[in-house]
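After this come two complexes, each holding chain A, first together with chain B and then together with chain C.
What follows is the complex of A and B.
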């Protein structure tokens, strides 16, 4: 049995999702020969550190009540300090990212790599804004930096490319990379709702955040476009290079017109064109998916077009990709 | 159908004959052939011929392409012919007030607007307009660039189709 020590930075929806799945799939993982042990959990105002393994059931109980600071091993030690002191195999950086500088994730990832730990993250901004630097640092230290969950939620895009499309030269990648906007646009066309009403419904269902600007203004999609451009097309693209047009100006009349002429409107991230914009899609096109689904088309010289469809967000779904990265790294340790 | 087709042929023996063969093969009746030497090693040839239908023209074009013979301007019954690719797009904003006639005219300079569907919820509100323009296959990117520029100038939102 291989023991793999983990540090989780960020105990929000994704972090808790990881813990729940770890408890649920513990036996399954052990059958694979992996004993994943969380030795530290860092939150914004403090951390729980336990060399012998954090009691995860207790963490979930307290966290659900908003009382994580009542955990017997809780201390006000900050995440950066933990990452400088604790020796683990893999750090899971699962905090929400800041689009301005990519913090706090950028600092966390850097610190973890500098301290000799592999990193798995679902955090887009640090990877999109500091791609080259972080990659070079990981390479220099002979460590893995994985971020499948930052691109398509549950959809395996980067790992599929790395493991199954080696012979291919990818010509283009484009698709729906944001579940919130897809939900809103789908509701506008299916139920005839205005953008505002569709967005309110999405907020009530927890699909959209309280401030959904990053989603509907195309910023979230643009971050994913940057990551895909650099990772899969080796384009050396920066966030500022992406032309971004969100869906705020899409009117219900435009949706009706599109429908009348056999189209739907979807927010498309187009990696080759370095563009995020609403586009007309024929109704019978494989990218015409409803609800909060994401859909990506990868066009390569040997495989031709591949369409991947799945949920791009959600604690459980996103963790499918996080585990994929963690398990692969763990197997190689 | 009377077709006028301009070609750029290499100035080597037999190239004119090779360019005429596909026309005869697909039932074209050649009415005239005009040629003049322009650029070095390239002869511009204008061929006028009569054919039965558009399908025959498409077959002629296909054969010419296979023979690596470049065609430029094609006119059918005096009107510019496009190896048609239809560019569908939606404009959102004050499309009518920002001179829709001028918008169409500018698009017509690179193609031909063939369909305009307008929805105006209220004269003060933004209108949404779906247009279809027939554009020469090789000019699609150029057409998108022109419409993007036009939309920036007129403060319109441009939503174009994924095929482009």
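What follows is the complex of A and C.
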């Protein structure tokens, strides 16, 4: 049995999802020869640090009541300090990312790597905004930096390429990389709703945030395009290189017209062309998926076009990708 | 640089596709640290054996002219004899499979494993009909037996599960696993053709074989269902356990009626239910893909539903999966 020590930074829905699955799959993981132990959990206002392993059941109980600071090992020590002190194998950076600077994730990832720990993250902005620097740092320290969950949620894209399409050179990648906009566009087609009404419905269902600008304006998709361009097409792309057009100007009339000619309108991130824009997709095309699904088409020189459809978000679903990265790193330790 | 010696059994379209890609990607593979060398190529009436590496360019030239037996290292030595004598790392079993007994692939795979060589195959019947025996033999000899290409052509299914969805327990797998029937059904919907006319069109285009019974009657899909049940759902299933209904009774009228209600008819292999049958699929469902595409939906406890769409056949496309298996085994040697 291999003991792998983890630090979780960010106890939001994704972090709690990770903990729930860890409790649920403890035996399953042990059958794989892995004993994953959380030695620290960092929140914005303090941390729980316990070298012998944090009591995760208690963490979930307290967190659900918003009383994590009542945990007996809680202290006001900040995440950056924990990452500078603790000795663990893998740091999970699961905070929400700030699009301007990529903080606090950027600082966390750097600190973790500098302190000799592998990093797995679901946080897009730090990877999109500081790709080269973080990658070079990881390479220099001979550490792994993995972020399958940052692009496409539960859909394996980066790992699929690396581990299942080894002989292939990827020619292009494009697809629906944002679930909120796909839900809105799907509702506009199916129920003839205006963008505003479809968006309000999405907000009521918790699919869209109160301020869904980053989704609707294509910024979220553009971040994913940057990550895919750098990591799968070996391009050297920055966020500012992406031409971005969101879906605010898509009208029900345009939708109707498209439908009459056998098309739907989808917000497509096109990695090779470094472009995010609404595009006409034939109704019988594999990228025509509805609801909040994501769909990515990978066109490679040997396999040809391969399309993957799945959940681009969700606490449980996204953790499928986080665990994929964690397990691979753990097995390599 | 790691030298990996290969034996190719079967010089048909898949085997030649493998050789073409090997010539094309030689440098690419060497950059991965792998020097793949073919030391024997076995055909039905003889073999080319060369310990120092078979001249593959010459093989392709002669093979295209149907004159492989003019190769200077050609002899009438049979594949079973070669597999008993030669010392290689990996045997590629790429012959067409016989549905009754799984021969000649079954014998080849057994012989290769008994002689201490790993096996990669695209051949369905031996794996579907002799799953337990071949797996136990490989396990006993501490050898790998891989067959990603046998199910879904270029679509990574088995490797995706094993390498990208590690934390997941798969609940069900179903989908379109036969490109010929999907082409026929798609043409019936799109062009209002009868089954017979659609099938004739498919034959003219080389998508359907002269006698397409195995495809049309669901036998090919059933073989894939058996393989997926045993390897991904850990079931203990034999070919005879599968309830099989092909597409011969699907009429244009049934297609029309389905269409009116927002459905299409697809031949679905349902692994958990051990069933192959034509089913109604909503038009906006990810499994509604046209032409000769394959589409597989994997429903797992953490990732949720994940659908993969791609080419289920094709000399080049199928080799994406063969190389995936070969490279992984080679890296582990």
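By definition in this document, the second predicted complex is superposed on the first by the 333 of 333 C-alpha atoms of A that agree within 3 Å, B and C clash if a C-alpha of one lies under 4 Å from a C-alpha of the other, contacts with A are read in each partner's own complex, and residues count from 1 in each chain.
FYI, a contact is a pair of C-beta atoms (placed from the backbone, for glycine too) under 8 Å apart; a residue touches a chain by one contact, two chains touch by 3 or more.
It should be emphasised that the depicted structure is a prediction, and the values quoted were computed from it without experimental measurement.
Visitor: On chain A, do chain B and chain C fit together or clash when superposed?
Guide: In the superposition, chain B and chain C stay clear of each other.
Visitor: Output check: A:277 vs chain B and chain C. Expected answer is one of first, second, both, neither. What do you get?
Guide: A:277: touches chain B, not chain C.
Visitor: Counting only touches as set out at the top, which of chain B and chain C does A:141 meet: first, second, both, neither?
Guide: neither
Visitor: With the two structures laid over each other on chain A, which partner does A:203 touch: chain B (first), chain C (second), both, or neither?
Guide: Neither partner.
Visitor: Of the partners chain B and chain C, which touch A:259 in the superposed model: first, second, both, neither?
Guide: neither
Visitor: Just chain B (first), just chain C (second), both, or neither: which does A:306 touch?
Guide: Once the two structures are laid over each other on A, A:306 reaches chain C alone.
Visitor: Touching A:78 in the superposition: chain B (first), chain C (second), both, neither?
Guide: In the superposition, A:78 touches no partner, neither chain B nor chain C.
Visitor: Contact-wise, after the overlay, does A:130 reach chain B, chain C, both or neither (first, second, both, neither)?
Guide: neither
Visitor: Looking at chain A, does chain B or chain C touch a larger number of its residues?
Guide: C
Visitor: Figure out whether A:58 sits in contact with chain B (first) or chain C (second), or with both, or with neither.
Guide: neither
Visitor: Rounded to whole Å, what minimum CA distance do you find between chain B and chain C in the overlaid structures?
Guide: It comes out at 16 Å between the closest C-alpha atoms.
Visitor: For chain C, which residues are in contact with chain A within the complex?
Guide: These residues of chain C touch chain A: 21, 25, 28-29, 32, 154-156, 159-160, 163-169, 283-284, 286, 288-290, 293, 295, 300, 302-311, 314, 316-317, 319-321, 323-324, 327-328.
Visitor: Under the touch definition given earlier, write down the residues of chain B that touch chain A in their complex.
Guide: 88-90, 92-93, 117, 119, 121, 126-130, 132, 157, 159-163
Visitor: Spell out the part of chain A that touches chain B in their complex, as residue ranges.
Guide: Chain A reaches chain B through residues 174, 245, 249-251, 253-254, 256-258, 260-261, 263, 265, 268, 277-282, 285, 287.
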